[in-house]
Amino acid sequence: IRKHFPEVIYGPGKTEEELIKITETFLAKKLSLLITRVESQKAQAVLKKFPELSYSSRARLIYHLPEKREPKGYILIACGGTADLPVVEEARICAEAFGNRVEVIVDVGVAGVHRIVPELPKLRQARVIICVAGMEGALPSLVAGLIDVPIIAVPVSAGYGANFQGLAPLLTMLNSCAAGVAVVNIDNGFGAAYMASLINQLPERVFSRA
Amino acid sequence: IRKHFPEVIYGPGKTEEELIKITETFLAKKLSLLITRVESQKAQAVLKKFPELSYSSRARLIYHLPEKREPKGYILIACGGTADLPVVEEARICAEAFGNRVEVIVDVGVAGVHRIVPELPKLRQARVIICVAGMEGALPSLVAGLIDVPIIAVPVSAGYGANFQGLAPLLTMLNSCAAGVAVVNIDNGFGAAYMASLINQLPERVFSRA
Amino acid sequence: IRKHFPEVIYGPGKTEEELIKITETFLAKKLSLLITRVESQKAQAVLKKFPELSYSSRARLIYHLPEKREPKGYILIACGGTADLPVVEEARICAEAFGNRVEVIVDVGVAGVHRIVPELPKLRQARVIICVAGMEGALPSLVAGLIDVPIIAVPVSAGYGANFQGLAPLLTMLNSCAAGVAVVNIDNGFGAAYMASLINQLPERVFSRA
Amino acid sequence: IRKHFPEVIYGPGKTEEELIKITETFLAKKLSLLITRVESQKAQAVLKKFPELSYSSRARLIYHLPEKREPKGYILIACGGTADLPVVEEARICAEAFGNRVEVIVDVGVAGVHRIVPELPKLRQARVIICVAGMEGALPSLVAGLIDVPIIAVPVSAGYGANFQGLAPLLTMLNSCAAGVAVVNIDNGFGAAYMASLINQLPERVFSRA
Amino acid sequence: IRKHFPEVIYGPGKTEEELIKITETFLAKKLSLLITRVESQKAQAVLKKFPELSYSSRARLIYHLPEKREPKGYILIACGGTADLPVVEEARICAEAFGNRVEVIVDVGVAGVHRIVPELPKLRQARVIICVAGMEGALPSLVAGLIDVPIIAVPVSAGYGANFQGLAPLLTMLNSCAAGVAVVNIDNGFGAAYMASLINQLPERVFSRA
Amino acid sequence: IRKHFPEVIYGPGKTEEELIKITETFLAKKLSLLITRVESQKAQAVLKKFPELSYSSRARLIYHLPEKREPKGYILIACGGTADLPVVEEARICAEAFGNRVEVIVDVGVAGVHRIVPELPKLRQARVIICVAGMEGALPSLVAGLIDVPIIAVPVSAGYGANFQGLAPLLTMLNSCAAGVAVVNIDNGFGAAYMASLINQLPERVFSRA
Amino acid sequence: IRKHFPEVIYGPGKTEEELIKITETFLAKKLSLLITRVESQKAQAVLKKFPELSYSSRARLIYHLPEKREPKGYILIACGGTADLPVVEEARICAEAFGNRVEVIVDVGVAGVHRIVPELPKLRQARVIICVAGMEGALPSLVAGLIDVPIIAVPVSAGYGANFQGLAPLLTMLNSCAAGVAVVNIDNGFGAAYMASLINQLPERVFSRA
Amino acid sequence: IRKHFPEVIYGPGKTEEELIKITETFLAKKLSLLITRVESQKAQAVLKKFPELSYSSRARLIYHLPEKREPKGYILIACGGTADLPVVEEARICAEAFGNRVEVIVDVGVAGVHRIVPELPKLRQARVIICVAGMEGALPSLVAGLIDVPIIAVPVSAGYGANFQGLAPLLTMLNSCAAGVAVVNIDNGFGAAYMASLINQLPERVFSRA
């Protein structure tokens, strides 16, 4: 059966008591722990009980980082600006929790193409790239057109009007005319991190399976 | 009342007889003539009667070009490839019919950013740019991020799946994070040309109205 | 690279601290400043620190107007009523910040055609018109049918039921049977102002580029 | 039970044999007959058997007009152009079949407001108006803003791109900021005629029911 | 120009001060007054200043009823239950304000067909019927199948899940297989009342125009 | 594992050769056979090879009926008219193939409530009812309001305009205010028959499992 | 007329007073009572008056359980996790109120297929299964592929992004490639319970009707 | 710049002449060639000129396979049945053209979970899996729940009714409750192959870049 990471808990709909009970179980088994989408108030209640946990208010994420492994490659997360940061943070912490080295580039976008040029070496060295983008969501197309690294695209729901809560960047990413892009759900930083982690850790796993 | 151009005829729903009658009226008044979206077969019937007309099968457009005026600036039409050509052609012929100089750049796109660099002077010299794009439709964002020329964006219905007949590039263009972009209907090369023509001919008109 | 205006800041998702830091940078460089979509409370915090800034609560806009240039033409903003005012205000202040003369006509609409007749000279003298409209959003069609000035149409999200948060006027504007209309995102007063400003300042720029 | 008119037959899905059998039944009972949406080929087969029937290829309607009654008021049908004619025809023939006097105005629209002025007396004298409109579908708003006659609005599916087969004019009509407008299904000329007929014949019916 | 009723004010987006100023103007001219969609708190502020006004919290409507005229026919409003009452109330008060006699039937619906039988005479005597319905919105089809009175259908946004804020009953009503139904916007009790009022007062107006 | 019926073959996408090969396999094993959605031409090719098969052109169904069992209850299929017949036929033949007794009522609908009264006993005696309905799709609500038998509702894609290929009746059925209704996919006569068959044969199966 | 259960009250839109009055009527007639979707605060007010009632805050349901009958079969409710519990609770209490034995399995899902194996006997013994599922909603397909029991599928609105408030699992369930599934509205635990109850009690009813 | 593979040609919109010219250029440079979505007739014309090319009528793909490299891992493509084969074929040929070893499993699906068990070793040995699925599209969720290999999910447009041309499986895949899934456009076998190829060839590339 699967064993890439102990289960990641989806916070919404769970009561404080339920979250505390789950946390207890995980800590008792000395497992790493990730609880996503936890509102600040609920998170404080949980952290008060378990001070060894951390909480990112931007990512709304409770986490407990595992021993650092020595990853060989790195996952690069790129985004266009402030509005994308909650998703970037969720992806970054999750990816690190899964045992990966992570690099982040903020503020590259289709409307400022010159800003991406100095970042090209860093993009090219990555084993897999997570592109987080709201508004029209064209960043993955731009990056995929420049380099041949597998790209996980994450649409962001920030925006207004004809953005339709992230539908616009979602469609953009699915229709990318540059190959090498695959898409996860709107705002799904966790899902992007999980997929990227599976890819980043492939070489190791190949040998252990051979 | 408006007088930028004699009325442009919308072909669909008109019978051959109706098209012939309209053409007669226009030619009798020595007016320029544009009939959009005319299927090949109908067009042949009309041209057989009026050999002085021209027909573009790619643009599905019957036209009769006016005396060339001496336009000062030019409209630039940029697109990403073959699938956009029917719309580009409709826009180009219409814009010329409205008395403008037109330049065309084919095959620039978000997935091949390097191809746009040598075109930057030509883009920057234009008084107004028409960006025609299907798939994810990110070309207008790219161009608007590079230069400060008003851009008319035209989504193209070519594509498949989550393109939803041009909905994807339409949303992309409306959500452009680069300012200086306004959008017309999917496949509406005529409308883009009309708008661009009004803009391109502004300086002249200012004085004639003062 | 582009230089029509120093970057316009998109407020949502930024913390008070981030807004204050951005403002500091801009003021230090003696640049003009525009921050859109700032909620009243956050705005007060910023203005308390920088009393030289202004804030429009209707437009939710923090702004710092530049030296007035002497614009030759003017941008006209037309709308139908109270519900459109937040967008009109955003467009007006932005357009002025970009160095344009702006005129505003409130309360013209498709359902009161007689009210538009006395405004025709003012509409016709404009170099570019911004039409802001909610409900069914037919104002741009009406105006475009009467005069030959380029029109930037802005759908407004106010409305209810089958308005679908501005989708109805957006579709109306994209389908306008009157030529000379191009559309920006729902509620995007800033984007309309930017596009209109590029158009309004074209003649000047033509010569400086020749 | 209802008796405004013998049942109107909906053509699609019925075989030639079924249409012929229905026709026989109606003619045998000396009833008026209306069959909507009949493709040309099927219609020819039916008319060959019953030469007393008529067929409108534009409206795709088989009909057999009843004795003319002497209607007191009239229904006015207004539309914007060629593309609306199939729906106008369906509405006109149906309304006449239901015993009404019908007037038709072609080629009035929101983009040509001056063309509606000379028609105002005719519009105002009508007891009920059917507005047929495609593209952005703003005609009913325009008319309702000018006069106080009940208006049945019919969206037309002709158009392209963001018209979405009549969705755009449908939403426009439902969001009309002018009161006095109610809407029927896209392309439903028959339904509009039925509703208008009920309204037009109200005075008579009031007395017969008293 | 139109004169069926002094303008109806649309409340949302207007400040307390603006509402008070409008009220002052109307009362000064001794006009009837209707302000729709006013939240309770705002309404209290207005009524405190003008105690002669009334407010319906269910309909969120400020109103000032005119002298009662002597209407000949009546408008019947039918609905299925509690969830429809806010719209029914808006329609009822508006229709009365427009000078009509109004009857209301609550709790008839497609899922309780037997409850409609005793109401048939009352339905048949009406000159026009307003059917207000949420959920699947089949009431207008049911009524239109039973009697030959013009029906204005109003979809209600109450419901959940695949109701999509009233989209489900809206589509139902537009697709009614029973003729004699026309539709207004979701929750638009005011619009239904206006349309019904125009129809109900037709006979009188015919003579005054002759 | 499941054994209610040998697999039902879904025709679209299969070549003539593939259909013939599948048929061979089934007949060799002396199994009953159902192939849904087979176009007439393909079906003829298959029947030419296997004359023992039957084909319904209305239902586009190839079938080979099993030995008749002696079912205790019956499934009733009700619909509104001609346009629903292809789906009714698919459901009827499938249900019989699954070993059920089936009764059919054509031409009952929400717009002709009186026609349903004489059918009530037959409806009430059924163990399960399949309601097939297009247009606004209100038939299941009507029936469910009258009797307490489980109802499988099947939306039909026939219709036009705001029917959106069956979306309208689908939403209607999901929002039914009468309890006792569950819905299958648009046009899915087969799926409805399968579900109804499971229900109809429950009593027998209870004992065989005990 | 129908008599499966005294009417179930839909809470939203009813005032406290209205709820209390309804409760009084039901209790006076010694009827069972179910009021769905009641917010906690309103519920407390009602329970304070009638301490014999119960309230489930997860299901937002006020209920008053009838005398227990001796049901022969049972309804099984299966779901994937915490987020589904409000709907599961609504379904469970309703089904019990309708006189059924109910079993519940929490935490089976398409992404943990091994967890369903030990539950197969319990699933197979049920007379009818209610599958409650959010996210992608594939649970009903999984179960229907394993066993031949009629399945009522309930999509859950919990989720985010491209879940679109339950649209994603709704479409999944309607498109199930496994037969034997019918669907009720998003979050409609009550409706699923009613349908399941009709099915579960069929054998008894067959005889009482014979 | 990118060099994973010579450009893949998108066939639609290109004339026979254009396709022939492109082919000539590629063959002249001794490059591999892939042209997607080519209709049979056009393809025959091209192959007649270049008999060294191959054409798959199921995948509508013209291809010219490169020298076989010796790939270390393999890409596994899994699908549910006949309707998915065109997409599977497009993915398979493309992936091989990109130099990968490919394995295919047909006929595994959520509705036949037992069929997937014997395939688990083959699935687990793959370096990356492409899951192709129509109808409700739950296959990727099922596989991702069983093993920890990165999965590229491809929705298929085959289906009917509420499938909405592949929208249903697209949403399912985006909402997968099993992590390790990323999605490409509906029917985009080519895009899935490109992404999978980048992943499959990662280990090699890591060293060549170090």
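Annotations
Going by the order they are written in, the chains are A, B, C, D, E, F, G and H; count residues from 1 in each one.
Simple rule for what comes next: a residue touches a chain if its C-beta (ideal position, glycine included) is under 8 Å from a C-beta of that chain, and two chains touch if they have at least 3 such contacts.
Just so it is clear, the model here is predicted, and its values are computed rather than measured.
Matched by residue number, over half of the contacts between the chains of B-D recur in the interface of F-H, chosen from F-G, F-H or G-H.
Chain centres computed from CA atoms place E at the largest separation from chain H. Averaged C-alpha coordinates put the centre of chain A at 42 Å from the centre of chain B.
Per-chain CA centroids place chain B at a distance of 26 Å from chain C. Chain centres here are Cα means. That of chain A falls 57 Å from that of chain D. Contacts with at least two other chains are made by residues 1, 145-146, 161-163, 167, 170, 174-176, 185-186 of chain C. All chain pairs in contact, by the document's touch criterion: A-B, A-C, A-G, A-H, B-C, B-D, B-H, C-D, C-E, D-E, D-F, E-F, E-G, F-G, F-H, G-H. Interface residues of chain B facing chain A in the complex, by the touch rule stated above, are 80, 109-113, 135-138, 141-142, 144-146, 159, 161-164, 167-169, 171-178.
Contacts from chain E toward chain G in the complex involve residues 81-83, 85-86, 114, 158, 160-163. On the chain D side of its complex with chain E, the touching residues are 1-4, 8, 72-73, 124-125, 127-128, 145-150, 152, 170, 174-176, 179-186, 190-192, 194-195, 198-199, 202-203, 205-206, 209. Interface residues of chain E facing chain C in the complex, by the touch rule stated above, are 1, 10, 12-14, 18, 37, 155, 157, 165-167, 170, 185-188.
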